[in-house]
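Starting off with a structure, shown below.
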Amino acid sequence: MRSPLMLGKSRIEALSDGVFSITLTLLVLKLEVPELMHHSSNAEMLQQMLGLWPAFATYVVTFLIAGGFWYLHHVTFHFVTHVDGVLVWLNLLFLMFVALLPFSAGLMGHLLVHPVSQVFYAGNQLAIAALLNAHWQYARLRGLLDDGEVVRVRRLSWRIGLTAVFFAACLAVAFEMSLRA
Amino acid sequence: MRSPLMLGKSRIEALSDGVFSITLTLLVLKLEVPELMHHSSNAEMLQQMLGLWPAFATYVVTFLIAGGFWYLHHVTFHFVTHVDGVLVWLNLLFLMFVALLPFSAGLMGHLLVHPVSQVFYAGNQLAIAALLNAHWQYARLRGLLDDGEVVRVRRLSWRIGLTAVFFAACLAVAFEMSLRA
Amino acid sequence: MRSPLMLGKSRIEALSDGVFSITLTLLVLKLEVPELMHHSSNAEMLQQMLGLWPAFATYVVTFLIAGGFWYLHHVTFHFVTHVDGVLVWLNLLFLMFVALLPFSAGLMGHLLVHPVSQVFYAGNQLAIAALLNAHWQYARLRGLLDDGEVVRVRRLSWRIGLTAVFFAACLAVAFEMSLRA
Amino acid sequence: MRSPLMLGKSRIEALSDGVFSITLTLLVLKLEVPELMHHSSNAEMLQQMLGLWPAFATYVVTFLIAGGFWYLHHVTFHFVTHVDGVLVWLNLLFLMFVALLPFSAGLMGHLLVHPVSQVFYAGNQLAIAALLNAHWQYARLRGLLDDGEVVRVRRLSWRIGLTAVFFAACLAVAFEMSLRA
C-alpha cells in the first residue's frame, strides 16, 4: 500500500499570503479619485471626498474582516505540520472566495443600501468562513496537526466555528431585509 | 572545466507563488460591478447579477485550472533539489503563459460562445501544460531531482503528461468547432 | 493561567512584503499612457509626456516614502523575536494605510496643487508613521524584542518617532495652506 | 565606534520577488480584450486578435527582459551574504524602475513605432541595468559578498556590465532614430 505524499506547508502559506496581500491591496482600486479640476474650491473638494464615504467604509470593513481571516488562517497553520492534496484543494477553494472580495466590496461600495449587494457580500464572507472550518476540521481529523496542543486546538475550533455562525447570521439578516424591501 | 552554477530553489518558488497569486486575484477584475442605481428593484438587480454568469463561470473554471497547475508545480518542486539557468528560463516561460490567463479568461467571459476565444483559451492552457512538462523532464534528465523517490517521480511524470494530453484534446475540439461555425 | 499564543514572525513579514510590493507596483497604474496617434510629431509626444510630470513626481516621491517605511518596518522586525495577536492587528492597521497610498497618490497626481489633496496625502503618511510607532512601542513594552541590543533599539525608537513628527509637520503645513486658499 | 547594522537578505529578496511578480503579471493588463459581439464572424474575430500583435510582442519582449533582470538579481543575491542600508536603497531605486515597466510597455504597445516611446522604453531598461550594476559593485566593494567565489564573481560582473552596455546601445539607436523622424 502506498502512503500519500506529504508536502511542506511553506508554499501554500506563501500562496495564501500572496492572495491575501493582493486582495487587501486591490480593495483600494474601488476608491476612485474624484474627477475635479484643481481650481475647484475646498468646499466642493471636501464634498466630493465625503461623497466617497460608502466606498471608504467598505474599504475599512472589508480590510479588517479579510485581515481577520488571514490571521485565523495564520493561526491554523501554526498548528499544521504538513499538508496533503485534499488540504491544498480546500485552501484553493478558500482562496477563490477570498479573491472574490474586491468584487463583493465593489458591490457594497457602489450600491451600499441595496439588499441584493448585502446578501452577496454576507454570502461571500460566509463561504470563506465555511471553507476555513472545512480546512481546519479536515487537518484535525487527518492528524495533520501538532500533537500536545489539545487545549489550544479545541479553543481555535470554537473560534473558527463562531466566525461561521456570525456570518451565517449576517446572511440571514441581509436575506430577510431583501425580502422586505 | 567549470561546473555550472547551482542555485537554491526558494526564489523561483517565491516568484512562481507571486505570479500565481496575482494571476488568481486579477481574474476577479474581469467581474464588473453592474452599473445600477441603488433604488433599482431586487428583480432588476438579480437579473443583472445573473447576466454575469459567463464571467462567474470563467472565474471559477480558470481559478481551479490555475490552482491545479500551481499544485502540480508545487509537487514538482517538492522533488527538485536545486536549479540551473535552463530550469529558471523554462519556469519563466511557464509563468509567461500563466500570467496571460486573465486575458484569456477575459476573452472567454466576454465572448463565451465564440470559437476563436475557445481556441485561444485552450491554447493558453496547453502552453502552460507543455512548459510544465518541459520543466519537469529537463529537471529529471539533468539529475536535479531528489534520488530515491523513483516510483513517485514516475507517477508524477504520467500525471503531468496526461494534463498536456487533456488540454491538447480540448484545443482540438475547440479548433474543430471553430471550423464548423 | 494560560499563557498567550506566541506566533513566528515570518508570515506577518510575508504579508507585509506582499502589501508593500503590490502598493509600490500599483502606483504605476496612476501613470496613464497618453492617448496619441503613432503619427503625431515628436514635439507633440514630448509635450504629452511632460504634461505627465505631476504624476511622475508623485510616483517617485510616494515610491521613496513607501520604500522608506518598508525599510523601517524591516528594521523593526529585525529585532522582533515573536508576535502576539495585538502586534498582528497593529500591523494589519498599518498595512491598511499603506494599501491606501495608491489612492492618496492618485489624488496628488491628478489634483497636485489642491490643498485638500495635500492634507489627505500628508494625513495618510502620518497614519502610517503613527501605527509604525505604535507597533514598535508595543513590541518594546511587551518584551517581544531581542534583548542585548539596547543601544540600537533606543536609536531606532528615535528614528521612527522623528518620522511621525516630520509627517505631522507636513500635515500642519498642508492644513494651514488649505485654510489660506 | 559603532558598527553599522547588518540585516539578513531574505526580506529584500521577498520584496523584490513581489515587485517582479506583480510587474510581470500587470503587463497583461495592457492587452485589452477586443470589443466584439459574440456573433461576429471568425474572420472578424481573428482580425481583431491579429490587430493586437504590437501589444502581444511588447508583452513577450518585456516579460523576457524583466525575467532576465530578475534572474540576474537572483544570481547576485546568491553571492550576497548580508545587506546594509545603502544596499537596501539601491535595491529600492532598482525596483522603482522595474515597477515602471508596465507604463513603458504600455507606451510601446499603443504607440509602437513612435521614436519617443522607444527612447523612453530603452531608457527605462538602461536605468534598471545601471542600478543593478551599482547594487552589485557596491556589494562587492563593501565586502558584502561570499568570499572564495572570485572567478564566478568576476564573470558575473562582466555579464551585468554588458547588459548595461547593451541597453545603452539600444537607447543610442532609439535616440538617433528619433532625431531623424
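To keep things simple, chains are lettered A, B, C and D as they appear, and every chain counts its residues starting from 1.
Quick note on the criterion: a residue touches a chain if its C-beta (ideal position, glycine included) is under 8 Å from a C-beta of that chain, and two chains touch if they have at least 3 such contacts.
Model, not experiment: these values are computed from the prediction.
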{"item": "Fitted rotation between chain B and its twin chain D in degrees, CA, nearest 5", "value": "90"}
{"item": "Maximum centroid distance from chain D, chain identifier (CA atoms)", "value": "A"}
{"item": "Cα-centroid distance, chain A relative to chain B, in whole angstrom", "value": "24"}
{"item": "Distance from chain C to chain B - Cα centre to Cα centre, in angstrom", "value": "33"}
{"item": "Residues of chain A touching at least two other chains", "value": "14, 17-18, 21-22, 26"}
{"item": "Touch list for chain B against partner chain A, complex", "value": "13-14, 17-18, 20-22, 24-29, 31, 33, 36, 38, 40, 42, 45-46, 49, 59-60, 63-64, 67, 70-71, 74-75, 77-78, 151-152"}
{"item": "Complex contact set, residues of chain D against chain C", "value": "2, 5, 7-8, 11-12, 14-15, 17-19, 21-23, 26, 85, 88-89, 92, 95-96, 99-100, 102-103, 106-107, 110-117, 120, 178, 181"}
